[in-house]
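I am attaching a structure below and will ask some questions about it afterwards.
Chain nomenclature is as follows: A, B, C and D, assigned in order of appearance, with residue numbering initiated at 1 for each chain independently.
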Amino acid sequence: MSSRLRVFFIDNAVAILILLLIAFALPVAKLPASFLIQEILMRLGRDTFLVLALLLPIMAGMGLNFGMVLGAMAGQLGLIFISDWGIVGIPGLLLAMIISLPISVVLGWMCGMIMNRAKGREMVTGFILAFFMNGIYMMIVLYAMGSIIPIINPELLLSRGYGIRNVVGLDGVRQAFDNLIPLHVAGLKIPVFSYLIIAAGAALLIWFRSTKLGQDMRAVGQDRGVSASAGIPVERTRILAIMISTVLAGIGQIIFLQNLGTINTTSSHEQIGMFSIAALLIGGASVTKASIPNVIIGVILFHLLFLVSPMAGKNLIGSGMLGEYFRQFVSYGVIALALVLYEWKRVTRENDARATLRGGGAA
Amino acid sequence: MEAVRRFISSFGLPRLLITVFLLLLFAVAPMVGVDLPSSLSDVLIRVGMNGIMVLAMVPMIQSGCGLNFGLSLGVLAGLLGSTISIETGAVGMAGFLTAILVGQGFGALFGFGYGKLLNRVKGGEMMIATYVGFSSVMVMCIAWVVLPFKSPTMIWGYGGSGLRTTISVEGFWRHILDDFLAFRLGQGFKVPTGALLVFLLVALAVWAFFHLKLGTAITAVGLNPTYAKASGININRMRIISVMMSTMLGALGIVVFQQSFGFIQLYDGPLYMAFPAVAAILIGGASVNKATLVHVIIGTMLYQGILTMTPEVFNAVLKIDMSDVIRVIVSNGMILYALTRTMKVAK
Amino acid sequence: MTARSLIQRSCALLGLLALSAFLFYIGKGHTLLVDTAAVTIDGREYSSAETVSVSIDGREPESMGRAERTMAQVGGPRHRITIEVVSGGGQKVEQRFVIPTFLDTALVSVPAILGGAPRQHWVTKFVAPAAEDAPAEEMQQQEQSTVLAAPPAIKP
Amino acid sequence: MEPILSLRGIGKRFFANRVLADVSFDVAPGEIVGLVGENGAGKSTLMKILFAMPEINETGGFEGTILFNGHPARFKDSFDALDAGIGMVHQEFSLIPGFTTTENILLNRESVNRSFLVDIFGPRINGLDRAAMDDRSRKAIAKLGVALDPDMLIKEMPVGHKQFTEIARELCRERVKLIVLDEPTAVLTESEAEVLLGTLRLLAAEGIAIIFISHRLREVVELCDRVVVLRDGRKIQDFPARGTSIKEIASLMVGRSVEAQAKVDAESELRSVNAGTEGERPILEVEGLWVDMPGETVRSVNLLVRRGEILGIGGLAGQGKLGIANGIMGLMPAGGSVLLNGVPLPLNAPRAVLDRSMAFVSEDRRGVGLLLDEGIDWNIAFTAMQVQDKYVRPLLGGLFKWRSDSAMVQLAQEYIQLLEIKCTGPKQRAGALSGGNQQKVCLAKAFALRPDVLFVSEPTRGIDIGAKHLVLETLKKYNHEYGTTIIMVSSELEELRSICDRIAIVYEGRIEGILPHTEPLEHFGILMAGADRDERPAPAGGES
């Protein structure tokens, strides 16, 4: 019995740790319950789709897709264009998604190709690729737009005549999805339409898992060699997994920003990758196994912690900054812990596998 | 034509492109009214500042632990050294040496724990190094607020507890190396001999270490761990030594950086400090498991050269400051190139 | 790539483009300047009543005096304006009008609609008179701190 | 009955050495043909040719023709062969652990429901038709006559069931007519093997031809209709299995042509007297040794090695002979007791073994034996430097040990002359040397340690004849001049008999028997094939 318990604790170490932290910080933060619930409901609608985008690459054995930031950039470019053309409301958001499609498809294809060249190091390659593409994105947004790429609406441009402003207001599309089907229950505003989109995304993933391509991805994820010898195009399948993940990340970023209502062009996409991955891991997912419940639990716990820790820091030691640092520590620490557990289990699994082969003294 | 192609493949195409780009910058600079001597002395000062941080990459690459994205652990040790040294109020060389010694102590301690962790996760070091680095920077952010520092130059004016984000080393050991034996060639060109001397000295020490029996063993572990194991080498111990060395060099590097920069940057300061050092050594031609002194020196000069020259030349020529974007693209582009290459070694 | 899938794929692509155009058309936002100042059309002078309450697309009605102007953000080409004269006769008029897609800011003349002027004069292109201090100036100061001012943490 | 498959004059040359020469045989539908032969006899190359594996075309294609179903077959790649109806069951399982039996059986041939999106997104957008898949896999399992649960995950399955899943996968191909099984019973228990043989008979009865490759001659005799024996790339014998015995097949597998036999006898005369003194305590006593080396598992080995002798360890591949050396030297997890000069030797501790002046020349030259990127001087001096502090200059009164490059170059030059290593100089990269010269560098590395006991694994594998001869001569010279006890592990029985005093044969992780080198070949053949206890020849003299 104890070994099974030990395995349970190791597998869910991350989730248990976070639950303890919240249980400790919640009473100290003394935040009103209604505020917390309202915030969690809003953030569920805002972030879940982004975390959903991470599931496919995990299924295809490429680990946590730090390259999803490329999709976020595509989504942001879409939003910049529609606010330039002045398209508002739901049509504006849908048009932004359509614009982001070709961009995230190309970026996803490129990311998949590069990751195929760095097999075994996909995660750190995605991580560095995100920084590299951030440089290119900044070049496009701060220098190409307005000069090479025509921008109609001068209000969007920086004072020097080219480059997009630091903060772009999305007044035309602010919370368009959230308020489409307004629902007030016991004083709480519930973004029904956003939940519908997330449900649609989840349904798409479940349906996709049962297609031939989904089955190929599961096979490639578990053993590239065997899949190749069975004739599955391994390289193409991995690239498709990354492409779909990047496209979903683009759409997720549009949902995220319409809820926020503003884009800060140079920074709102950078933290997305890290927050979504931290949330997924808090939900109990690992580098090789992730499911939709992990996504939802992860988003709830992550944001509960996100809200509670600054207040707890303020009430406990009197400085809000402490809580802020503690929150960032937990986000980074959770990813570090999950990665260590994954590699450590991989190493011990390899040794155990050989042990079963052991002829051993029992001749 | 064959000789050219062989040279390119040995020198590495991207490294060639960057060198040409830098030479172009140097050529264009005087034509657009950029004061070349002062830019060159800028480059030298920056080489003195960052050289040791790039050198800190060598031990872990040699031992096969890969690129040390967790260099920020060493930087934190150095920050602890500097803050404690200023707390004691020691000034001048005494202050500088206390900062270094205390930094080395913490560096060894952090390096040991960090090495033990990396030994458990062979194969997945780089990603874990990155996030262990990030989380320890955040832990230290909490420490900077909580630790009982009293020295007036460091704590927040009104609050009374917790350290300021940027602490000036003015009056303690600012430019203690840069001014040591510094001489000027003509009016603009100032050579920070002290810093360059220390950089070369430490580089020589690292070169010598890898000539010792222990250093040879570490190199073998990096090239072929099974070969090393078959020759009776304790692989884990060698890896831990290399990680400790890298972290201690990081601690030394940040203190040397601060004496030239003039400020200690706490809190978020060290978060992304590993990436420029990784990019520099890769631009120098190192690969994921082979790095030599030549790679360090060439890499630091090329990287810092680009960092200094792009803003000045671009401002003068195009009147737009794209240097920040170019730095991000060039440094991350290099790391990406190294990660996607197979284990080929550029001489 | 069979011929069939080639056709299907190009149809899907065209469909997507058509959808985008359609979204652009129905989603284009306009700023409506509802104006009650007197206006002369084809020699005939129209003036509005003392106070009127105007509501666009069924939104909250706004009461306006003789020569006032309010702004309303709207999305899409087809809109409905209901004007109710508060002082005197209590006349209530509801009219539909269409804004051309590429017209950003449109001037809607209440007197023209009340007075039954020819339809094309109801909504005219708004030309920003040069004299007025263009709103753009004070927006400038806000961005002086461009993004590249020395960022504290050196990004990788 | 017209044969389903006939090979006509199949030949193959890898650059210098010829691997297959004029091999022809037929396989009729429903017939089980046993294909036997020592490793390196050409069995796997033959199969690679049948399945048009890339390595064959890349190295210049093959001679002769293959007739399948009566007409010449030119398969582009292995998928072509699979579609034509030839199934292959590998030795190590190619199964997806997290998939169920059904999903594995139908891997990449799943039945799908056509979806309208096909034309836009391509064929892989179709949904899986789970019902049809279950039906197809049940039919295949039924053919096997074994109770396999279609929904069980592979990773929770006993080893035997995994084997049957692979066979079921091959059966599921529409027009399967011929199945090739490569060492299917290697990982099975006795009972599982019996069930497998039963299944194969069932399949044969249904008209499916089977090529059964195995080292377990007892099974080959029991199961097969005909047996084809390969040796050194030639077909030696092709005869009905009924009426032959394991003894006969074994000797055919190992036997040499007459003139080769004469050379062996001539050489054995000039072996000197130094065959180790009888009475004295053995230098190495091994008891109950087990070693966990993938593919070379050692179950329980007892061995006594006399001081100064050259002991050979032979046996077929995969029986565990390589495991012994790697286990004792601490490179692979091992257990049991090993005494060196009567003093217990710690296991799993490479350094302790090297300190007790034992050395090891690994069979995996490039992976374990060499630093490919460093020069010859580095490679030879490294172990001696690390273990015995040689080639280093003390600095600051011994506080630091400075690697003296000059001493290393001088040592390298010494061995370059001694072993005639063809190279451009002591600094040349080991990776740039030929196979033979690399082997000499590994030998030099071990000799530099001046060991008392030297383990040498597969010293002559993959090197040219000239280098082979020189390597063996050097080993003999070291044994005579310095009295080094040498334990040589090799799959080349020929070489063992020409250099070793006694040869131990390993079968399934145990020492099957130890024979003096003068014993006739057939006796070795029987031990190597794991004959049943009663048929074993009485070993002359050696302890077993």
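Keep in mind that, in the parts below, contacts are C-beta pairs under 8 Å (C-beta built on N, C-alpha and C of every residue); 3 or more make two chains touch, one makes a residue touch a chain.
Computed from a predicted model, the values in this text were never measured in an experiment.
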Between the pairs C-D and A-C, the one where more C-beta pairs touch: A-C
Closest chain to global C-alpha mean, per-chain Cα centroids: A
Rounded Å distance, subunit C centre to subunit D centre (Cα mean): 82
Distance from the mean Cα position of subunit C to that of subunit B, given in whole angstrom: 57
Centre-to-centre distance between subunit C and subunit A (centres being mean Cα positions), rounded to whole Å: 37
Chain centre separation (subunit B, subunit D; CA means) in Å: 49
Multi-chain contact sites of subunit C, meaning residues that touch two or more partners: 156
Residues within subunit A bordering two or more other chains: 131, 142, 160
Per-residue overlap in subunit B, given as positions that touch at least 2 other chains: 275, 324, 328, 332
Of subunit A, residues touching subunit B in the complex: 114, 117-118, 120-121, 123-125, 127-129, 131-132, 134-136, 138-139, 142-143, 160, 317, 319, 321-322, 325-326, 328-329, 332-333, 335-336, 339-340, 342-344, 346-347
Residues of subunit A that touch subunit C when the two form their complex: 82, 85-92, 94-95, 98-99, 131, 142, 154-155, 158-160, 165-166, 171-172, 265-266
Complex contact set, residues of subunit B against subunit D: 211-217, 220, 223-224, 226-227, 229-234, 290, 345
Residues on subunit D engaged by subunit B in the complex (per definition of touch): 329, 331, 350-351, 353-355, 360, 362, 364, 367-374, 382-383, 385-387, 389, 392, 400-403
Residue ranges of subunit C in contact with subunit A within the complex: 16, 19-20, 23-24, 26-30, 73, 75-76, 104, 136, 139-140, 143-144, 146-147, 156
